[in-house]
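Two complexes, one shared chain (subunit A), two partners (subunit B, subunit C).
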Partner chain A sequence: MLRGEGTFVDDIHRDALHVAFVRSPVASGWVREIDTAEAAAMPGVVGVFTGADLGHPTLTAVLDRPEFVPTAMPMLAADKVRFAGEPVAAVLAESRYAAEDAAEAVWIEIEELPAVVDIEDNARVEVPVHDVAEDGVLLDLQMFLDPDLETTMSQAALVLDEQFSFGRVAASPMEARACLVEWAPRDEQIVVHISTQIPHQVRSGIAQALRLPERCVRVVVPDVGGGFGVKTVLGREEVVVAALAHKLRRAVRWTEDRQEHLMAAFHGHEQRFHVRAAFDSTGSMLALDADIRVNVGAYSAYPFSLGVEPLMAASEMPGVYKVGKYSARGRGYASNKAPTAPYRGVSRPQIVFVMERLMDKAAAALGLDRIDIRLRNTIADTDFPYTGPNFVTYEPGSYVEALQRCVTEVERAGWATRKQDATDGLLRGIGIINFSERTAFGTSVMGMRKMPMTPGFEVAHVRMDPTGHVTLTSGTLGHGQGHETSFAQVVADRLGLTPDQVKLRQGDTDLAAFGWGTWGSRSLVVGGGAAARAADELAGKLRAIAGEIFGVEPHRIVLADGLASVDDKPEANVEIAALAAFAHFQSHQVNVNDSQLLEGRGSFDPPGMFSNAAHAAFVEVDPGTGGVRVTDYIVVEDCGVVVNPLIVDGQVRGGVAQGIAAALYEEISFSPEGQPLSVNFMDYLVPTACEIPKVQIHHLQTPTDLSVLGAKGMGEGGTIGAPVAVATAVNDALAGHGQDFDRIPILPEHIVERLGAARIAGPAEAKEAR
Partner chain B sequence: MKDIHLVTMTVNGTEREMAVESRKTLADALREDLRLTGTHVGCEHGICGACTVLVDGEPVRACLLFAVQVDGRSVRTVEDLAQDGELSDLQQEFSRCHALQCGFCTPGFLMLAEGYLASDPDPSESEVREVLSANLCRCTGYEGLVEAVCATALRRRQTP
Partner chain C sequence: MKPPPFEFHRAHSALEASRLLAELGENAKLIAGGQSLVPMMNFRLAHPAALVDINALSDLDYIRREGDVLAVGALTRHRTVETSRDAAVHDGFGVLPRAARWIGHRPIRTRGTVGGSLAHADGAAEWCMLARLFDAQIRLLSTRGERLASIDTWFQGFLGNDAEPDEVVTEVRFRRPRAFGALSEFAQRAGDFAAAAAAVAFDLEQGRVTRLGLVLGGVSTEPLLVEEAAELADGESPSDSLFRRVAEVAVAAADTDTYRRHLISTLVQRALREALAAEETSRG
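Now for the complex of A and B:
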């Protein structure tokens, strides 16, 4: 990677045709005509294909529940376009330059319709986004309904009635989506090189859309330049490229550009909450009622479906708190915007935002300390295992300790004193928040969603070659999370080897039998757990052979430091490499059954477990420009046993950066006609090194017996905590000036507006005033 | 009808000739014609900096330059940093400081830092941050990147 020798999809050299997509210029409309003649005649063009030319392939992501309305997603839109940027035709040419030239020459006549931009627009338009859902509601699920909730509300000392909302964002990994699909006649397969987080689900989806046996689709994933969720779903462009390669028996490639990615890939996080929360006079929460509405966009993404955000929000909302009576309704609304996919954190950034803001509001209303009210409601150590009104059972975590430690670290860092500094005119604020994150969702939890394909388990395979080196395959798909390091560490520890003797192979569906990829903070726990079990099986074989050599029971063989030795007689030992050679080359001398096969298989399917963390942010607000700078950030996190601290810290830092981005910078905004307005990096503001502070990280370790390694997942926590930590700090800095912010992103113009008369005029305005 | 130009440039110390369309970007010429795929293309509008290379020693966006504009000049890409198979001090510090996760933005940051440190061997941490803000990274939160560049500067000052 450092040498420039990484291989991303677009780095693979092939004699391939290039695809450019012709996309809808409008958000909604009837397609009246597609004229491809001029484009097809242009130099270098091999063909122009519409949905009809490909037999109208579709993918339908469904949830098997009556509250869900299934909608088919055509791979190329045919009679109707449902968002600006939706692919309508594919131009195939000898170079990308030629393909893009010709794409501009394809004429599409569209009778434009009024667009559904906000979810309320569903009630205003005459032609709904989907005919099957006239009101635009594609999912409506009252997940929890406590019959006594209203009584409790009516008797409570304090009832908050609040609205919260969140801007639409894009994951925007530095490598956008890309695929290269080849025809392999010898194996009668299409070989799909693709930048994805879910190789086996890509295989399933392409096979379904093209009506092929899965064996005929081989997915091979090279280096992946970031995913963050947008690559946990199968894109229609990717299916089209596969369809063209299969149809023409040629290598075909497509590399998404940034504008396509921001405009027409998948978005996330556009949610609205109407929440009522009841408290007694001491600040104990008595009841919580949440109405969660998600603008899911035009289609349901395969395989997770549009249910991913509303269901997650409703089921996980209480978080680290004992909320009393609980009701929650989750709804997904269609709109004329790009579809949504899971984005790092999936609804947890939003529900944690809501819960933490409720705590602050209740504290203010009741005259309580912001930390005290949190501690009063937090699930305490003595409560574990705690089953909440959301029917989730929480295994032990350090919810109280993490918050207290975070407060201590904030005190140690002297933030309170710095906050008082008024010499430079900046306004300063502190935000301290606490949350949990369910990680490593297994099939028992994912099954409740009722997807026809229920993810969650993982399988691993290890084999030792005659030189004692080990090849590990996993169905997970690391792409910067350092699986090569941490998985090797896990396997090596169990075999008495060093990590450099273990090589992880992943991402090839012909190599790894099956798997569910990398997302949902699952890989080290589920994939690593399966790898550990596979290694244990192999270790058992090594012990059996060594036991036979030394005439002792297998359990008395210790595998360590490259040696297999007898427990109480370390001088009786053999090098593991020699043992491997012996098992393979001298198997006639070995009596242990099956010893020729130095391999092991393992699978793991945990129910899921909760990591937790407390975050603190220190911000400076410029009352002249409305600019906010996050100057300091503290994380106290608990993901159980830390297998590799460097990797854990890297995940935390990157996550916090994305959370700060969602709080202060990033939003895909739209015109009233449904045109996305921030489709390049000039308008969609991914923060730079100047906007992201150093993050001070402290680890607590509450191991869990729900995972093989005692580890809990942790890939998303940073993204979950940071938005509300920053928003809380901004609200703290602006205390006394207008209404608190309950929507993110908080942009400079919002701050200037909120400061009103208290805004410090810039030099020009000051002069004018004089 | 295509207008093709013959351009000559010194790439990583070797003179290379290419016949390119006038509209072909330097990034595409490096990647496609010379197969130097270490230079990555992240946005094609000059913001993300993944395609940063050195032209006559200065960091430039290879997606914003046409190959014909670089005719007769000297280009250095990430492939030239390691010498005789050994990682350069800058690459070593990137590894040590965990300055990369997915690795897609890494070549651009390496070349930006290489060009910058040549012009300013003794930068403060905030100057490093400001310079690195020219490029985007989505994985690391930048801390390792800043640390790696500062550490390289220190190493170079200490080793004459």
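Now for the complex of A and C:
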């Protein structure tokens, strides 16, 4: 990869036609006319296609529950456009240049309608986003309702009544979306090369939209340059490209540009919370009532639906705390914005933000220490296994130890002293927060969401070739997380091999039997667990053959260091490579059943398990500019057994950077007409290395017996903890000046406004941002 | 994000460039570093029918001192100014190399040109602000001959300039050198366009400020020269209290939102302090 030898979709060279999409210039309106004649006649143009030309393919992602209003997503909008940037027609041409030129020449006449930008707008517009939901509510679920909650609230020493909100963000992976679809007549297949996190679900979706049997769709995923959730759903552009390739029997490709990505790919995290929390005078939480409203955008994304954010928020809200009585209602509202997809962290960045801010607010109101109030409410080691009022059972973690360790590391780093520095006019603050996250959701948990496609399990297959090397297939799809390394470690360990003797093959639906892809911090736990079991089955065969050779019971054979040896007689050994050759080439001398099949299969479907972490952020705020710099960051995390420390640390660091981005930089903002205003990297501020501090990482390890490897998922934790750690630090720096921030991102103008415009730079020269 | 079709021509002299512009008509554009034009073309905000590439005009890549004038060739890259150790630059125009660090990121600075920045005429651009601060003249060449345009009338609305369609910017002439100068700006993210910026230059005579120039960026389509500042500061000792008063005058002159007014106040004071400190450092 570092040598430039990686192959991404756009690196696959084919004689392919290029697609450019004609997109709606307005957020909402009736499509009156689409005139493609001029564009179709332009040089290099092969054709211009509307929804009607393709037979109006749609994708429908539903939840099978009465509180859900199903809506279909057309692949190309036909009679109505529902967000600015929505694809209306596809131009097919010999180059992307020609395709874009022609796309400019397609005339769309739209009768514009007032847009639903904020969820309240649903009540104001005459024409709803979807006719089937007049009030814009597509999902309304009172997930928890404690009948005694109000009584407790009325008797509590302190009741907080708070609002929190979160800006809309875009995943912005280094590689945007891309696909290349070709027709393979010999195999009666369209072959879909695509940048995705979910190859098998892409196959299902395309097959469904094009009404093909799934065997006629082969999905092949090359290197993927990040996903962060935006590639856990199937894009309508991708279905259109497949439809064109299938219709024309030609290779067709589309590589999303950055403007398209920010404007019209899937967004996330636009949520509002109205929360009431009751505490007694000692700071114990007695009750929690959450009203969660999510702006889910114009459509329900396939396959996971628009329920992802509201359901996750309501079910997981209490987190590491014992909250007493609990009620929670989750709602998803339609709007004239791009649809939402799972985005790294899925609602946990928001619920952790809410819980941690509640702790700080209660501490302030009751005159308690911010750490003490957390410890008072945290699920303690003696409580495990703990079942909360959300009916979730938490297996052992290090919730108390992580927080205490984090406090110790903050003390060791001398932050308290540095915070007092007033010589340069900067304001400094510290944020310390604690949280857990459910990872590796299995079917037993996902089944409660009531999706027609319930994900969660994984299957794996290993086979050994005659040279003793192993090929592993998995339905997970590493897209920058180093699965090639960590999965190889897991399998090699169990077979007595070195990791370079194990090759992971992933992303090809004709190669891997099935799988649910990579998301939700699941792959190493679920996919790795299945791989471990498959490796165990193969190891059993190797032991059986070696046992026959040495005349001992199979369980007495040890596989280590490339050898199969007898446990108490190490000199009785055979190289595993020789054993593999023997099994393949001299099978007539082997009496073990099925010895010719040097392979193993495994599956795994855990319920899910909780990782936990405590984060601490140190910020410097420049009152002269409103600029905030996160100068130091500490993470104490516990994901159980760490299979590969380098990979775990990389995931933590990247996640923290993404969380800092959400706290201080990134937001897709909209005009009152629903025009997205930040559709390039000049306006959508993805922070650079200059804005991200070094992250100090400490590991605790509480292994779990819910997973084969003792490991818990950890792909999202950094993103979950950082927004509130940073916001808390900023609030700490500005303590005594105005109202605390309960919305992110916190921008320089918000800081200046809070400090009061009269206040200007201190006498000393404040450090500039570089 | 692909540009619309365009013709491409390479000029080998400024005169040839002007001739090509005249021939090709108003939809032809010069391209030098391309750091503003190319993104605008890719966003299809600019639709030039033809580009005339002047990157071969290496004779326009120079920095020369001509008495009290610092003449910078139009094709001089930002990075060349930034890294200049030439006394001709530092004596009286030291703010130019110091300010160049604010322009984008290093790859941008190695491509983008001083002349291109003046031609693009973005009111928040560092060279545009400094040209205003140093009362610059812009040398223009066409088949009709040469002329010097004044910075006072150079900026013509949003991204507009005073050049005729076939005139080529060949040189920027910074005038009125002063011993003290600095440019201060703020962007949320390193290397981005400034939300606001302030540039100052002044001399000290017997410890008292004279010939103060103050230019604001990011508050208008063109760099804003705060003329009242010179009068206010003239003959005063440099002090935090003077700098605060200068900042107040700047804020009063800036017709912008509350946040930017606050920024202007901060940046003006920082620029003044930095100017004073920078000169002391360079002497030490």
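In the analysis below, the second predicted complex is superposed on the first by the 758 of 770 C-alpha atoms of A that agree within 3 Å, B and C clash if a C-alpha of one lies under 4 Å from a C-alpha of the other, contacts with A are read in each partner's own complex, and residues count from 1 in each chain.
Convention: a residue touches a chain if its C-beta (ideal position, glycine included) is under 8 Å from a C-beta of that chain, and two chains touch if they have at least 3 such contacts.
All values reported here derive from a predicted model rather than from experimental measurement.
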item: Touched partner set for A:E753, first subunit B, second subunit C, both or neither; value: second
item: Contacts of A:T625 with subunit B and subunit C, given as first, second, both or neither; value: second
item: Which of subunit B and subunit C A:R653 touches, first, second, both or neither; value: first
item: First (subunit B), second (subunit C), both or neither touched by A:D257; value: both
item: Which superposed partner A:T688 touches (first subunit B, second subunit C, both, neither); value: both
item: Residue contacts on subunit A - larger count, subunit B or subunit C; value: B
item: First (subunit B), second (subunit C), both or neither touched by A:D101; value: second
item: Touching partner for A:A422 - first (subunit B), second (subunit C), both, neither; value: neither
item: Where subunit A meets both subunit C and subunit B, residue numbers; value: 97, 257-258, 680, 682, 688, 690-691
item: Complex contacts: residues of subunit B adjacent to subunit A; value: 1, 21, 23-24, 31, 35-45, 47-48, 50, 77-79, 81-82, 87, 91, 94-95, 98, 100-107, 110, 129-130, 132-146
item: Contact set on subunit C toward subunit A in their complex; value: 1-5, 43-44, 101, 184, 186-193, 195, 240, 244, 247, 258-259, 261-263, 265-267, 269-270, 273-274, 277
item: Subunit B partner contacts - residues on subunit A that touch it in the complex; value: 1-8, 10-11, 13, 43, 97, 172-176, 223-226, 228, 257-258, 479-482, 646, 649-650, 653-658, 680-682, 686, 688-692, 694-695, 718
item: Complex contacts: residues of subunit A adjacent to subunit C; value: 96-97, 100-101, 104, 257-259, 624-627, 664-665, 680, 682, 685, 687-688, 690-691, 747-749, 752-753, 757, 760-761, 763, 765-766, 768-770
